[in-house]
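Presented sequentially are two complexes of chain A, the first with chain B as partner and the second with chain C.
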Partner chain A sequence: MKKQKMFFRMITASLIRRHSRMLVALLAIAVGATILSGLVTIYYDVPRQMGAQFRNYGANMLLLPDGEEKLSEESAERAIKAIDKEKLVGAAPYRYESVTINTMPVIAAAADMDGARAASPYWLINGDWPSADKEVLVGKTLAATLGIKQGSTVNVVYENETAKEQADKSDESKAKEKDGGKAFVASGILETGGTEEDYIFISLSDMAELTGVKGKLDAVELSVSASQDELKAYADKISGLDIDVSPRLVKRVTQSETTVLTKLQALVFLVTAVVLLLTMICVATTMMAVVAERRKEIGLRKALGASNGSIITEFMGEGLLLGGIGGLLGVVFGYAFAQAVSMNVFNSSISFRPLILPVTVVISVLVTGLACLLPVRNATDVDPAVVLKGE
Partner chain B sequence: MSLLELKNISKIYGDLKALDDVSFKVEKGEWLAIMGPSGSGKSTMMNIIGCMDKPSLGQVLLDGVDISKESSKSLTNIRRDKIGLIFQQFHLVNYLTAVENVMVSQYYHSMPDEKEAMEALARVGLAERAKHLPSQLSGGEQQRVCIARALINYPEIVLADEPTGNLDEANENMVIDIFKQLHRDGTTLIVVTHDPEVAEVAQRTIVLEHGRLARETINENFKD
Partner chain C sequence: MFFRMIIRALFRQKTKMLMIAFTIALGASLATAMLNVMMDVGDKVNQELKAYGANITVVPKQASVLNEIYGLDKSDESGAYLREDELGKIKTIFWAFNIVDFAPFIDTRAKLGGSEVSVVGSWFDHHLELPTGETLNTGMINLRSWWEIKDGCWLDEQAGDKNAVMVGCVLAEKEKIKANDRIKLTTKHGSEELVVAGIFDAGGDEDERIYAPLEVVQRLADAKGMLTSIEVSALTTPDNDLARKAAQNGPKSLGAADYETWYCTAYVSSICYQIQEVITNSVAAPVRQVAESEGAILEKTKLLMLLITFLSLLGSALGISNLVTASVMERSSEIGLIKAVGARDGAITMLVLTEIIITAVAGGLVGYFAGFGFAQIIGHTVFGSAVEMKPIVIPIVAVLVVFVTLAGSIPAIRMLLRLRPAEVLHGR
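What follows is the complex of A and B.
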């Protein structure tokens, strides 16, 4: 039998037949490796998860007309196409026009309702989103002023500049325009906590019908799941398209995202480092206890002619094998841990990063090796004559 | 030339002389018993002969070579190559089977050979128990595994420290019978004991008292 074979036979026998003892050490390593791999997984997934969370707080990029003219729908579409599909959470084109409701001047915002819903998920609707033609959302403040409720009919009159002048001249013409207004149904009342509560929201097609002008926009709100740098890159790409679109980052949002992400990642990193240190102490303590209770065995091995090197190799072999097994268990449980955290905190699943496997196993082996080194080195000082003494 | 010669050995711990100017020889193939009450210096003598300790004064000649000034590393090598140790408390590795315990000694000495280890166990009547763990063996069986382990590398001296101290009479007789067989085979045996019955079966007995060699007796009725 080769010496190596006997070496493995001895260390596996020690691990298997002393299972209750070794289980404690293995548990210490596996728990450490679990938390380590779990936290590292979360650390790398935080930007993606938080990015998705931040998208709940509205648009982080605006497309505005590059000049006095309104933005054409074609240009807006080209600009939106410049953003990777998987990164684009929502795109909401807007067109703003002055209208009157019950003779009160009001701003009507025409929007692609699906886009607005995706780009502004924080909007609270009392009622329903418009799902058919001639359905509108009415801002909460505006609704209160005009006494509009969900299901009310709202008569919207479009006033272009000429009509306005005429209206100033005679009450008669005003009354005429009022009669020429279009009736809409308020499908819901909109609460945002912002200026949107003063607006009425209608669909782009209804706005085109109301005004007789089609394909013109004032702005497009974009919600993009990307870091500040990536957003800047998209903005540069759009600027280079040679279209009448001026991309702007909503700095209030993008900078907050970057700041929060940096701090959160620093926190997770710190916790990971502390856990690693605690694991090391825990494993070292366990290994010290394991080695201490085997002083007699070490004495015996020395009495049988084992060199200090052989004893260190055998005990380190056991420790490293334990570290490897503990690391593998840690990868499995760590992924489950990260998944549970992700589901509970971010409400979405997490993807497995293959690199975590070798990293966790190598770190577990190194930590266990380091933790074993000191107690094993001390163990070689055992005097066989003392520990093997008879009665 | 004697196999082992102790010349004016003293072992001093502070003011205490555990061994005081002890000299004796052991010839190759001889069976010597070292007797004495507790505190007489038997264990210290066993440790010095077993290369686990060094004398404060005097010389220990093994095969004509003075080993009293050797480093602990060289003593480890000498112990591995020339001494077979048998302990009162057996000291088997509790997670290794009987045959694996024997192979551990081969592992440190040269090459583990399971077949040879099985033969060694067969010689002490334990072939059937080779795959058992120490906890599954009786005290007598454990001591026989310990003897097989001590013999596996064909040591020049087999040194036994109270080999029957933890055994009942039946197992004591069994161990003594194995020693007789070993002696017939030409093995040099040094048995440290406080049991007169174990000492009586040896060829020669030396008695230690207060660290000194009190007397030496030859067993006239010795027979293998």
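What follows is the complex of A and C.
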């Protein structure tokens, strides 16, 4: 009991008395632990954060009708529900119909505008996204051909098969049908560099009103924040739902994402490994320098009759205490650093991983302990008389 | 005398000085490795992002209008074409070095048995001799890296597979085509007997098409030397305000100085503009899906690496200055002795500083090369290519090492100078 008390007094006294040097050692350990916990947190968070960036490439999964029939809205909804909510970045149902504008045949894509915006973040709109009824987006090439500008009124005519037949019968009713088109306002011109530039985008409800048919879809574009394997699992799950939906992966996006993301992760991993290795050695040398300069003290204690074992235990105790405190400080600063990085780079916060705490403390204690052990053992091996004499 | 003292000091305390040099070398190598990787990561990731395929498409000027007028059927054979003989010129533009891959396309419709299919002609792995005397291998093998070959293999254009095709998996299933089957494609201009080299799964519309060498489809469409589009994959700089301004109002709207900057920066819009200059009657447009996302990912990666580099620089700086402080402070008795024999403060400071700086320079040199080695390890393992040596890293690391060593030793020396020699020597 008494011995233990003395042990603690010796450790704390030495830490407090020699505050400047201990501060140096503590700082070294804390810096090392900060780098350790900060980088490991970032390493684990990079795939999630970077994965979200890759959603800029747009949809990575398509839901298509299984067979010739169109997709019903209910089965599309059921299929979307099969995907975990937090993984789903955007879901955009599409329905394509041929319409005519100024007697020119055009493909009209009916879409859920909010869904399209989330699923295709790369769309560039000159103007505004449609927000009210009767507002449409017009593809750039189409707009150039038809001379449509932002704010222009577009008259869209839909002729279904029966109307066409009737129209053929009499010119009069044909003319009437032409007048029956609906007027829309082009709220923006869409630029993508792809085929979308040839289409006109209408909201689903406007399309239902225009055609008189509701709840039928041609495709649903899904942007899911998941790896290729996870996507395949989702696709299997949807196929097993017993609805007439056939899920397909957009290979171009999924395959390339896997390639690039694996590389990025490997990069951060290697960088983390190199930085950690060098930092740990750095911490160890600093600790060794701090302990080595206390050879005299060791010699004195030995001369007073302390056994090698008790000296090593005491020094180790001191080192472990420093390692523990430094590790704890490092966890706090490391988390702060990781948070700062995440906010700056990805504009999103990082979650604290409880596992980091014990790992960081254990590693810093280990490194400090090892770094103390070497010089202390060297010192205890020496004859106290030689050490005290200052050789 | 001064030199003798320094040399003696360095040699007498060999182990300790070695340890300091070792720590400085570690810190310097960390800084070198991270700076080198950080400065090169943009180029490397940009190269990786080429997996997404072309970021620029070039189409004939009239086609964009004609296709609309003639309806939605893009396969209509009327309309303007691009010229095949101008393809090499793409590699002669100002940013030619940034053009990684490109491939021409020509599409037509042909009869396969009873049904009509879409046939696309292109380069698979084309060997191209440029007007500049360079040679280049380019084609779909690079631009369609996500294609999965289900049966057979890629069409080997250079091995002389002139009469081979690749068939999309959806079409192959419908028509029951396997690799090495013979198929016959007929158009009103003639017919071709072709061997199926492979079946691919592209996960898109392409699965319903047939891909054949360029000449085969040109013969089928009776369009010798003509193309319907070109896909170009180029390394680009992420857009900034200037690039956006140029894209929105056209390059002509920029002032002379801005125009120069814009033209001489590898923005996707300026590369498009330069391609239009060399290919007659063409419109080159960025594929926003690829171009936009590339920019975002590049910026994020660069920023991430910058912050990690910052942390490791800070870490190595603190590590070095820490050790230097510790090692200077432990020499209190020595400094006390020198003071007792009558040395002035200035002389002592000079002595200690020179010692430390010599150690630091030696450590820093070793560290620079070790760090460069680490950077190469990272480059080769992750990207399979060497990390470029950036000369700017050398002064940065040098300044860092010297500054940090000074910052670590000066406060310690000043503290020691305040001590009274008698006390220090007495062992307090």
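Following the convention adopted for this analysis, the second predicted complex is superposed on the first by the 365 of 391 C-alpha atoms of A that agree within 3 Å, B and C clash if a C-alpha of one lies under 4 Å from a C-alpha of the other, contacts with A are read in each partner's own complex, and residues count from 1 in each chain.
To be clear about the criterion, a residue touches a chain if its C-beta (ideal position, glycine included) is under 8 Å from a C-beta of that chain, and two chains touch if they have at least 3 such contacts.
Small disclaimer: the values here were computed from a predicted structure and weren't measured.
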Chain B versus chain C as contact partner of A:Ile325, first or second or both or neither: neither
Which superposed partner A:Leu71 touches (first chain B, second chain C, both, neither): neither
Which superposed partner A:Gly305 touches (first chain B, second chain C, both, neither): first
Chain B versus chain C as contact partner of A:Val271, first or second or both or neither: second
More chain A residues in contact - chain B or chain C: C
First, second, both or neither for A:Pro384, with chain B first and chain C second: first
Chain B versus chain C as contact partner of A:Glu297, first or second or both or neither: first
Which superposed partner A:Lys251 touches (first chain B, second chain C, both, neither): second
Contact footprint of chain A on chain B as seen in their complex: 43, 47, 50, 52-53, 73, 76-77, 79-81, 85, 87-89, 91, 93-96, 100, 103-105, 107-109, 111-114, 133, 149, 161-162, 165
Touching residues on chain C, where the partner in the complex is chain A: 16, 19-20, 22-23, 26-27, 29-30, 33-34, 37, 41, 45, 48-49, 51-53, 57, 64-65, 67-69, 71-72, 145-148, 201-204, 248, 285-293, 296-297, 300-301, 303-305, 307-308, 311-312, 314-316, 318-320, 322-323, 325-327, 329-330, 374, 377-378, 381-383
Of chain A, residues touching chain C in the complex: 20-21, 24-25, 27-28, 31-32, 34-35, 38-39, 42, 46, 50, 53-54, 56-58, 98, 104-107, 120-124, 126, 141-142, 144-145, 191-194, 198, 248-256, 259-260, 263-264, 266-268, 270-271, 274-275, 278-279, 281-283, 285-286, 288-290, 292-293, 337, 340-341, 344-346
Residues of chain A touching chain B in the complex: 1-3, 5-7, 9-10, 13-14, 17-18, 296-297, 300-307, 310, 383-385, 388-391
